[in-house]
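In the two complexes below, subunit A is the common chain; its partner is subunit B in one and subunit C in the other.
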Partner chain A sequence: MTISNTARRPAVPHSVPKSAGRPAQEPTKKASSRRWRNLVWVLPAASLLCIFAYLPLMQNLGFSMLKWDIYSGRQTFVGADNYIKMFNDPIFWRSLLNNTLYAGISIVFQVFGALILAAMVEGLRSERWRGILRAIYFVPSAISLTVAGLLFYFIYEPRMGILNAALEFVGLGNITQAWLGQENTAIFGIVAMSQWQGFGYCTLLFAVALQRIPSELYEAASIDGVGPFRRFFSISLPLVREMSSLMMIVTVSGAFQVFNEVMVMTTGGPNNSSQVLGTWLYRSGFVRNDFGYAAAIATAVFIITLVLAVLQLRLSKHRRVQW
Partner chain B sequence: MVTRTSVLVVVGRVFVRAFLLALAVVVIYPLLWMLLNGVKSNAELFANPFAFPVAWRWENYATAWNRGVGDYLTTSVLVTVTSTVATVFISAWAAYGLTKVNIPFSRTVLILILGGLMLAPTVALIPLVKMFQTMGLYNSFWALLILYTAFRVPFTTFLIRAYMMDLPAEVDEAAAVDGASKSRAFWQIILPMCRPIIVSTVLLNILFTWNEYLFAMIFTSGGALQTLPVGLTNLMSKHGTDYPVVFAGMAIAALPVIVIFFAGQRYFIRGLADGVGK
Partner chain C sequence: MRKSTQLMTAILAGAALALAGCADGGSQTAAPLDLAKAPEYSGTLSILTKFGGDPLEPYFEDLAAGYKKLHPDVSFELIQETDQSIKDKTKTLTASQALPDIYFTWAGNWANNFIDGGLAADLTPAIAPGTEWGNNFGESALKAFEKDGKYFAVPLYNNGKFMGYNQRIFKELGLTPPTTFEELMSSCSVLKAAGYEPIAFGNKDGWPALHYLQQLFAYEVPAQVLEADFNPGTAKLEDAGYLKAMKQFTALVNACTGSGKDSNGVLYTTAQQALAQGKAGMYYQEILEFDTTSSDKSPLRKDGLGIFKLPAASDAKGDTKAIEGSPEGYIINAKSRNAALAADFMKFATSTLNAAKLSAPPYGQPSAVKGAVSEQNSTSPVIEGINQVNEASNAIIWLDSVTVPEVADAWLAGGEALIAGTQSPEQVLASVRSASSAAR
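Showing the complex of A and B:
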C-alpha cells in the first residue's frame, strides 16, 4: 500500500497533448476547467466512501455519547457514560480477551504455521503436487464462514459429530464432550474452526512470496552443503520477513473483526463465554436495544483496527527487499 | 555410500510428505462428510457418523432447494453479480483518474479512497442502520448493493491502480498523440490492457459477496431478500431437526465458489498476492 508513489510524480505532463504547443506550466482557463471536470472519474468512488463509510464513522462517535432507544426513538445525551459502562462491563473485557486469544492463536497457526507449511510445499520437487496441495489447502477459504461454522457445529455435536467419534476410536473416549456447549471450550472450538478455514489462504500467500526468491540463492546454498533447515532459517525466513509482518497485522486485524463464525456456532454463549467484540456489539445494539452502548464498542473496535492499519502502512512503506 | 546425513534427509522427506498428505485429508474429509451427510437419512446420520449412505437420497437437495435455498441462491447471484460489476467499474474509473488523468487534489482523493481499506464494517454499522432506515432502504436489495460496493471499492481500486501504474507510459503518449479523448483512451486502450487484474478483482469480489454475512444479516430480514449465508442459518433454525437437508443446503452454498476458484485459480492467486503486498 505505497501511497506516496503517485504524489511524487509530475502532475502535468501526460495530460497535455504535446502537439498543442503551449507551455504546460501556464494552464489556460479552459485547461484548468477541464482539469476540474476530470474529477468525474473519481467522483463515484469518493462519494460512495464519504457517504457510506466516513460519514457513519463520524456519526458513530456522536451516537456513542447518547442513550438511545431505537424503538421509541428517544435520545438523551449522556456524555462518556457509555464508555464508563464499557470499562466496567465484564463481558466487554471477556470479549476483548477472546479477540486477543483469537489473534494469538491465529498468529501461531496462520502466520508461523502457514510459513513453515508453505516452505514444505515449495520444497517438493513435483510442480504438479505443489499446485495440487496449495489448491486443496485453499478450498476451506473459498467456502463461507457460515458454511464452515455450521459444518464444525455439526463436527463438534456430541451425538452425530465426528470429533467425539474419532476420539473414541483412537481410545481418547474420556475427553469427549460437548465442545461448544461448555464455557471453557466453546471459544477454542470456534478458533480451531477458524484455523482450519484460514490456514490455506496464508499458505498460498507465503508460497507466492517464497517463489519470488531467486532460486540461485538456494542452489548456491545447496552446493555449499547447507541443509534444508538452515536454508529455511538463513534464506527463506529473512526474505519473507516483510510478508510475515504484513500477514501478522492482517491476521490480528481480522481477529478483532470476528463476527460470522461466533454468530453461527454459539451466538456468544454459553453464558457469554465465547462473546467477541463484534457479537457483543450486535447483541447490545440489536438484542438488548442499547444503540449508544453498541456505538461505544464500535469506537473501541475502530481504535484497535486503526492502530493496526497505521502499523501496516508504515511497514509497507519500506517493504521492498533488494536481492 | 549411505551416510548418516543422507538417511536423515530421506527420513525427513518421508515425514514431510506424510504430514502434507495428512493435512490434505484433514481439509478434505470434513467437506466430504458434509456432501455425504446431505444424501443420508436422519437415522443414518446418528447411527454411525463415518458410514457411507445406504441409499443415496438426492431428494434432500431438492427439499433444501424448495425450503428456501433456491430463493437464497437467486438473491445471492443477483447481489453478487450487480455489486461485483458496480465495484469493478467504479474502482477502474477511480484508478484511471488517479493514475492517468490530471485531477485537482489527487493526493487527497487517493488518501480518501484508499483510506477506506482501514475501516472495519462493524465500526460504521450502527449509523448505517439508522441511515438506511431514514432513506427507506433498510431491508432492501439496494442496501446490500450499496454497502458491498462502498466497502469493496477501496481494495479493488488499490489493486487496479497498482496495475495501471505499471503500464508503460508510451501507451498514454500514443493515445494523446492520436488525440483520443480521456474517456476513449480508457475504454479502448487502458481497460482492455488491464484485463488480468480486472479478472482477479472480479473473482475476489465474487468470493467476498457470496460469503458476506454481517451486512446481509443486519440489513435484510425478509425471506426472499436473504442471501445464502443468512438463509442457511434460517434453514437451520426452522428445520433444525432435519439435518441432512441442512447439509444439502450447505453443499449447494459452497459448491459454486469452489468451482469458480478452481476455474480461475491463477487469477485468484495473483489478486490475493498483490492485495497483501506486491
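Showing the complex of A and C:
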C-alpha cells in the first residue's frame, strides 16, 4: 500500500506506443467517426445543461448590464454602472463579509469539528452506540432549513425563547438579549443554527471515510504504542484528506449561496447587519425593484464560487489518497 | 489581453445582451377600459388577492363560488397571498409578464408603478365619481387610486392605524385615552408600575416601526414639505420635524414597550397576542386587525377593545388631524383578455351584500362601499375607526408604499437602527437623504 501525494497517472496502453508514427488513414477515419457517434450520447445531457444552466448564466450577465423597469418592461443598457454601484455599495461589502464569516465558521465546525466528532464516534468499541450516535447527529440534517430557521427563531426569541430562559436559569441573565434583533449578534445566531443543521451530515460523511481506512494501520500503530491523538493526526487525518477537501468545497460554496435561513430568521436585518449576498440580491430585485443590480450581484456570487471551487479542485488534485 | 481573449469577451458580452434582450417596452398608461362592451360570461378569471391565510382566505373563495352560481361558465384561478408574501409574488408575476386579470394594490408609489407601466386598466368611465358604480364609493377612497384625473383601481376596503387599548385595564388603573404624546408617555408609566407591558411592539419585519414613524412625521412635518419629500425629485428631507419625530419614537420604544431595544427580534403577531391575552395595555394596529385581535376566543373580547389615534405632541407643527392609512384595492390588468368580465366581477365583489359581508367578523375589513360598515354587521372598534378615518383632515399613505422602494428601504433600516440604538436620528435622516438623492 502506498499513500501518494499526487494523482496516479493513467496507464498508457502498450498497444499504442507514445511515439508511434502516423497511423494508417483508414483506422483514423473509423476512430473519428466512432468519436462523433459517441458524442451523440452526450448530446441530450449537454443540451439540457446548456438550456438550464449556461443559457440563464449568459442571460444574467446580460441583465447585469441593464436598467430594467419590470413594470413598463423598458430595458436600458447601462454598461458597467451596476458593477460600479456594487463596488461602492457598503451593504454589498457587508454581505460579502458575512458570507466569508459564514464560510470560515463553517470550515471550523463542519469540516474540522465534524471530523473530530466522527473520529470519536468511530473510535467507540460498541457498534450499537456508534449507530445510535450517528443517527442522533444526523437528525438535524434531515430537517429542512426553513423549518430549522423557524425553530431557532423561537429559541432565540428574546422574551419567550428557551435560550434566554436557559441563560437566566444558570445565572447568566446579564447576557440575555434579542439574539436576532441586535446588529452585533444576528448573523452569529444564524450561523450557529446553520452549524447545528449541517454538522451531522458532515460527521456522517467523515464517519464513512474513516471506516474505509484499513484497521491494520490502527492495529500496527497500537502495537507500536501510539496513543489516540497521534493515531488521529498521523493516520486518520492524512487518510481522509480527500473527503476533507470535498467537504471544504461543499461548505464554502454553500456558505456563499446561503439564503433560506437568513430570510426566515432576520430577512437580513436589523439595519442590514445580517445581509448575505443571496438576500441582498433578492432584496435589490424584489424589494427595491433594481433587477439589473440584482443580476450584477448574482454575477459576483457566481464568479466568487467559481474561483473558490476551481482553486479547491486544483488543490484537492494533489491530496488524493490511494492504497 | 490577447486578441482572441478580447474577441471572446466581446462575443460573450454581445451574446449575453442579445439573450437578455434590450427593449423599450413603453410606459404610457393604458387606454380606458371599454366597459360598454358586454362581458362574455365564460373563461377563467385569475385573481391575486392579499387574503391568504385565516381568517380572510374564504372571502374570495365564497365570492368566486357566488359569481359562478350566477355564471356557471366562468371559472376562477385564485392566488391568495399574505401581507408579506404578496409583495414578492406581485413583482415576480410582473417581471415574468404573467400578472393575473385582477390583482391587489396598495395606494401610492406601489399603484403608480403599475399605472405608469401601462399595467392598470383605466377604469375612469366606469368608476370615476359621478358614475353609477363610482357613486357607491366614498370619493376619498376612489381618489387614492387616481392619477392625472384618471381612476385605476377598485377600492375594496378602507384602513387606518390606531392605538388599540384594553378597556378593562385602563378602567382599573383610572386611565383615559391620552390626547397628547406627553399624556401617552405618562400612561406608560402607570401601566408599567401596575405590571403590564404598556405598549406591545414587535418589529421583526421592519414595517411596524415605519407605521409609527409615518404618523409622527405627519404630526411634526408640515404637510406640503412631507408630500414633497416623498418624491425623490423634489425631496430635501431637511425639516427639523423628522428629527423630533424620530426622537419621540425612540423615547416611546424605550419607555413604553416591554421589549425596548430587543423589539427587532419580536414578531408583530407576538405583540398582537400580548394585547389579545390581556398582558399589554396597548398595541398600535390597523383597522383590519381589530377583529383578529379581539376575536371570540381572546380575553380582550371580554375586556373590551378601545381605540384612539396615536396622539401628537402638544407643540406639533404638522397636521395633527391626519391619520395614517389608506384604502387597499384591486387593479384590472390592462393586458387582460377578460377585462370586461373582470370589471363585472369587481362590481359583484363591491355589491352591497358582499361589501357588508366583508365588513363583518371574521373578516372585519371595512368596505370602501358607502354604508357597508354599520352597527348591524361590524364591531364597534371598526365603526369608530372608519368614522375617524372619514373625519380625518388627510389620509397619510404608509411610508413603505408612498415613496420609492430605495427610500422606503432606507427608512426601514433606519427604524431598526433607532430601536437598537445603533444610529442617531441625524444619522438615519442622512442615510435616507442619501438614498433619496441616489433614487433621483
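We adopt the following convention: the second predicted complex is superposed on the first by the 268 of 323 C-alpha atoms of A that agree within 3 Å, B and C clash if a C-alpha of one lies under 4 Å from a C-alpha of the other, contacts with A are read in each partner's own complex, and residues count from 1 in each chain.
What we mean here is this: a residue touches a chain if its C-beta (ideal position, glycine included) is under 8 Å from a C-beta of that chain, and two chains touch if they have at least 3 such contacts.
Keep in mind it's a predicted model, so treat the numbers as computed, not measured.
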item: Partner chain in contact with A:272 - subunit B first, subunit C second, else both or neither; value: second
item: Touched partner set for A:55, first subunit B, second subunit C, both or neither; value: both
item: Which superposed partner A:140 touches (first subunit B, second subunit C, both, neither); value: first
item: Which partner reaches more residues of subunit A (counting touched residues only), subunit B or subunit C; value: B
item: Which of subunit B and subunit C A:181 touches, first, second, both or neither; value: second
item: Touching partner for A:233 - first (subunit B), second (subunit C), both, neither; value: neither
item: Touched partner set for A:77, first subunit B, second subunit C, both or neither; value: second
item: Touched partner set for A:263, first subunit B, second subunit C, both or neither; value: first
item: Partner chain(s) touched by A:165 [first = subunit B, second = subunit C, both, neither]; value: first
item: Which superposed partner A:117 touches (first subunit B, second subunit C, both, neither); value: first
item: Doubly contacted subunit A residues - partners subunit C and subunit B; value: 55, 59-60, 63, 159-160, 285-286, 291
item: Residue ranges of subunit A in contact with subunit C within the complex; value: 55, 58-63, 65-66, 69-77, 156-160, 177-183, 266-267, 269-272, 283, 285-291
item: Residue numbers on subunit B that touch subunit A, as the complex places them; value: 5, 9, 12, 16-17, 19-20, 23-24, 26-28, 30-31, 33-34, 37, 45-46, 48-50, 90-91, 93-94, 96-104, 106-107, 109-128, 130-131, 146-147, 149-151, 153-154, 157-158, 165, 169, 172-173, 176-177, 179, 182, 207, 210-211, 213-214, 217-218, 228-230, 232-233, 236, 243, 246-247, 250, 253-254, 257-258, 260-262, 265, 269, 272-273, 276-277
item: Interfacial residue positions of subunit A with respect to subunit B in the complex; value: 1, 3, 5-7, 11-12, 14-19, 35-36, 38-42, 44-46, 48-57, 59-60, 63, 117, 120-121, 123-124, 133, 135-140, 142-147, 150-152, 154-155, 159-162, 165, 196, 200-201, 204-205, 208-209, 227-228, 242-243, 246-247, 250, 253, 256-257, 259-260, 263-264, 277-278, 281-282, 285-286, 291, 294-295, 298-299, 301-302, 305-306, 309-310, 316, 319
item: Contact footprint of subunit A on subunit C as seen in their complex; value: 12-13, 15-27, 87-88, 91-92, 94-95, 97, 113-114, 116-119, 203-206, 258-259, 261-266, 270, 405-406, 409, 413-414, 416-417, 419-420, 422-423
